[in-house]
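Below, subunit A partners subunit B and then partners subunit C, in two separate complexes.
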Partner chain A sequence: MAALTGLEPVTAPAPAPTRPRVWRGVVFLLAAAYFLIPLGASLWYTIYTPTAGVSFAAYGELLTAEGFGSSLLLSMSLAVATIVLVLLLTLPAMLAVRLSAPRLRPVMEVLCTLPLVVPPITFVAGLTTSLRTGTDVLAPTPFWATLIAVQNPAFPLVLVLAYVVLVLPFVYRSLDAGLRTMDVRTLVEAARNLGASWPHVLFRVIIPNLRSALASASFLTLALVLGEFTVARLLGYQPFAVWIVTISGSEGQLSVAVSILSLLLIWLLLLAVSTAFSGRKRK
Partner chain B sequence: MTRAKGWLGALPLLVFFALVFGIPAIALVAGAFTANGEPSLANLGQSLQGGYLNAMAGSVKLSAVVALLGAVLGTFVAQAVVTSRFALLREAVLTASGVLANFGGVPLAFFWIATLGNSGVISGLLGLPSGALYTFWGLVIVYLYFSIPLMVLVMAPALDGLRPQWREAAANNGATAWQFWRFVGVPVLTPAMLGGVVLLFGSAFAAFATANAMVGTVVPLVTLKIASALTGDVLIGYENIALALSLDMIVVAGLVMVIYLPLQKRSTRWLR
Partner chain C sequence: MTAQVEFRGLRRVFGKTVALDGFDLTIAPGEFVALLGPSGCGKTTALRCVAGFERPDSGAVLIDGSDITDMPANKRDAGMVFQSYSLFPNLNARDNVAFGLRVRKVPVATRRTKADELLELVGLPSHADRFPHQLSGGQQQRVALARALALEPRVLLLDEPLSALDAKVRVSLREEIRRLQLDLGITTIFVTHDQEEALSIADRVAVLRNGRLEQCGPPAEVYDRPATPFVAEFVGTMNHLAGHVSGDQVTVLGQLLPVDGEAPGTLEVDVLIRPEAVQVTPAPEGQAEVIAASFRGASVRLRVALSGGEVMADVPGHEAVRLVPGTRVTVHLVERPVLVAERTVTVPSPATEPADAV
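And now, the complex of A and B:
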């Protein structure tokens, strides 16, 4: 197409392509209306009230709203813990599959696809039941204390465990794409032959090569955990997404303002993911 | 020695998965088949009757409508994007699709409540009756907000793969535009479209947060029923109904995969 640009004035455009162009314009217009009107309306909803006129008070109120700080902090720390745990679990497993246990590969594929097929709410249903039964069954044993500690409301580790399962497919895909771009076996063997220790191989050879895949896995996890509602709500905790719903009854404007900010956040996170990947390609 | 190490590296993940995913899965199945402490089919039977069956049908219908509408509309948008001559527009639409496809859950519900809800900005202008958003078709409109972008992301690469040469070859052989699409375009795109439909169905079927924040219990959906049975705002003993409903959901999701996989295989057979 680009090669033709110099010739365009010579061959007058036939009338035939006009029709598709009209068709395309209509599609774009309708799509723009459908996708932009709610965005504009929400923005307007947050800054305009018939009594006070236009004001950005809703965004200022956000910072002082009760529960905003604590719920956001909880979500953030859950996200960090989830990222650390999921990478600690998947990275060694995926390296092992590539280096010395290729027969495990189909198993990993299935395990890392299952959470996509099973709806999260059914997973929570199973989880609450097993927690309840577990507390009854394990009551006489020391494991009981572990089970209670896992459900500590100050930092519900059980949410981290559930989130690791939910993000597993995305992290797996992301790391798999990263590992595909390098010859793991050769790199590891070369480093080992030159006398590098295993930690040295991992931190100085593998991880630097996987930086962009690790970054995109982390950002995807962050986005998912910050927006997660189903599991947290049904297990009875109050991270960020649950908090928005609880305040929405009394503070309508505030909840819509938070929604706009979360759209912005998703955009920033995806931007970070795509720059992580394109930075790699350029290199 | 290396072999032993290999297994060790994968061991933590396998153990973790068995504990955190396996135990709940067993608990789910066991609970679904247990009533009053005895093995029985009563829960499953009850989960397929009356209000519960209604909710399941509502969920399937909603997901099917969203999947089909989303697939058709998303394909049109994708085609418009792919054939567009403005690189900037193309980039912008694809980026926006990436963002919106991930924009679900609670914030999505508030977006639409602010727009078409009872005190929404647009509903005031249109003079919509109260509660118009909190209906089946209201939910369809809201769910399409993430489904169409998802379909665009699925279809754009596939449409990019439709080579202009094929079109020219068809035209040289005297094919009309309709014939080109009927015999070349659509068959080539079928695998991607099927994949997209299944993806949209699955995401609409599993969606809970948006529906919960929007309709409460106005529109019967199976996810809402599971949640209310689990959180115990009904009588004791309904947890096992929630588990039976969950099992039904997994069966439906599994069935969709079972129908999809052979179709996908058939439609990709002659591609490469």
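And now, the complex of A and C:
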């Protein structure tokens, strides 16, 4: 922010000989090949069959395939719910730690990074065990009663809770990076000094300056939830990723087509998020 | 829009550090008071108690006689300018200035006009649409000042607002702050660790040490008649010279000078002499010798070795050529009352030597 102002732009050194450019090109081509060849091969696989030649039938079938729409919708709504919940949890907590208990920061960091070191399979095994035994042990508690009350087979809340834990490290990292770029304490104090209430401080001062961090946190959450398989599969739900695996058993071409489509979808979302963000910043 | 501010027995402890330890001070309406002290002396904590960012463990802060100690920060009528750049990065200069008015739901047109007026007041009429990252440090602090004044607060709090700026901007901006403060007649508390800054713009300078007030008075008084040895040391530079008290006079460097204020009970004392009160004249037969000279433009700070120790002297800059290190000189003290303190130096008193031999 402020530290970036006031410096004279450094004049570029005289153009170096052309050799580095060649290397740049080589690296670029290698990276492009690494990403594009598998993609191209997948695409070719979905549109070409030796018997029928080139045809986009697989993509046409997608829209009519059993479970495509519902699983995609489930994944999307799970992602949105996870984003909302995880941000509601982490942002106020991180602000509180920064403002009034800076000594707890390492503790919070470790807590939030912990899910990264627990393999999803261990996590879900623990989850199912506690769900099974919980019925007996926790049944009389109001917590359990609430969980049972909000249960809904069409919208598995337990997945949202599990995903919140899984995305915690990524969300924490993104928000932490965003909060590091500003002097939170001074900005909050300046706003308070000008008469702003706490909600006003949060929505008019903190969030507008955290836009990119919030966007990246949301995006990482979205990507992770759309691609999450282990937890959903083992708990017996069928969001998008599980559906892809299910269908790939019976219809190979279709499942690859779905993968390509979901990749495109995520790219489009990323593009939308980043252009929306940069467009607002230029204003 | 101006108010009296009173600190009453303020005490604040952070863990083992006592930031404020019974701090008392009353600031008259419209007065500009500088809180001066080394880092950790509690000056910023005192200011933050007025702003409401810090709650004293005991004691009270009163504005116009009413206790505001328990009032939340956003209800207080005090505008603050922070040390680090505190402008909202997502808002341009005008919106930053208008932030407080927006919080109070002032209509758009009114707050726009008001913000533009204030930006003009701080000398940035054409920068309203710039964002903080497009402004220099000095400009950012001007906008911050305009923002603090936008709500027409009764007290203006300045927390080392100039310390992040380069020397030239610092001097010009502090003069502008003072001019603005006099025009508006707003009670102002200015926290700084830079004694020159404090002395040059404040009506009164309050020197703090370990969370307590050491002395509060007009700049000239604090400089010329420091109430305690700490103030004497902290504000400006002081020579400690061994002296011998006789009645209400003291013999130092062979000169007999009147004692200013109280003398300690002992006869052997430290005499406190400002470097500018030490006159140095080149003399081939002089017994003193210049051992170092640092040129400061307008003046030269000399270190002069005497038979009894060392003394610092400030002489006009043009004397530099005559007083290069190695020059033999005579040292003479300006004839005026001097402060004495309890003996802390151990060098033998040169008082027995005849004056012309020094």
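In this section, the second predicted complex is superposed on the first by the 213 of 283 C-alpha atoms of A that agree within 3 Å, B and C clash if a C-alpha of one lies under 4 Å from a C-alpha of the other, contacts with A are read in each partner's own complex, and residues count from 1 in each chain.
By our rule, a residue touches a chain if its C-beta (ideal position, glycine included) is under 8 Å from a C-beta of that chain, and two chains touch if they have at least 3 such contacts.
Note that the coordinates shown come from a computational prediction; the quantities given were computed from them, not determined experimentally.
In the superposition on chain A, A:138 makes contact with neither subunit B nor subunit C. When the shared chain is aligned, subunit B comes close enough to touch A:44, but subunit C does not. Shared-chain residue A:208: touches subunit C; no touch with subunit B.
Touch counts on subunit A: comparing subunit C and subunit B, the chain ahead is B. Of the two partner chains placed by superposition, only subunit C is touched by A:183; subunit B is not.
When the two complexes are overlaid on their common chain A, residue A:80 makes contact with neither subunit B nor subunit C. Looking at the shared chain after the overlay, A:195 reaches subunit C, while subunit B stays out of its contact range.
Once chain A of one complex is fitted onto chain A of the other, the partner contacts of A:270 are limited to subunit B, with no touch recorded for subunit C. Residue ranges on subunit A touching subunit B, taken from their complex, read 20, 23-24, 27-28, 31, 34-35, 37-39, 41-42, 44-46, 88-90, 92-93, 95-97, 99-101, 104, 107-108, 111, 114-130, 132-133, 161-162, 164-165, 168, 223, 227-230, 233-234, 241, 244-245, 248, 252, 255-256, 258-260, 262-263, 266-267, 270, 274. Remark: subunit B residues 2-3, 5-10, 12-14, 16-17, 20-21, 23-28, 31, 76-77, 79-80, 83-84, 89, 93, 95-96, 98-100, 102-108, 110-116, 119-122, 144-145, 148, 202, 205-206, 208-209, 212-213, 223, 226-227, 230-231, 239, 242-243, 245-247, 249-250, 253-254, 257 touch subunit A in the complex.
Residues 1-2, 4-6, 182-183, 186-187, 189-197, 200, 205, 208-209 of subunit A are the ones touching subunit C in the complex.
Every residue of subunit C that touches subunit A in the complex is listed here, in rising order: 51-53, 72-76, 78-80, 82, 84-90, 99-100, 103-104, 132-137, 140, 144, 147-148, 150-151.
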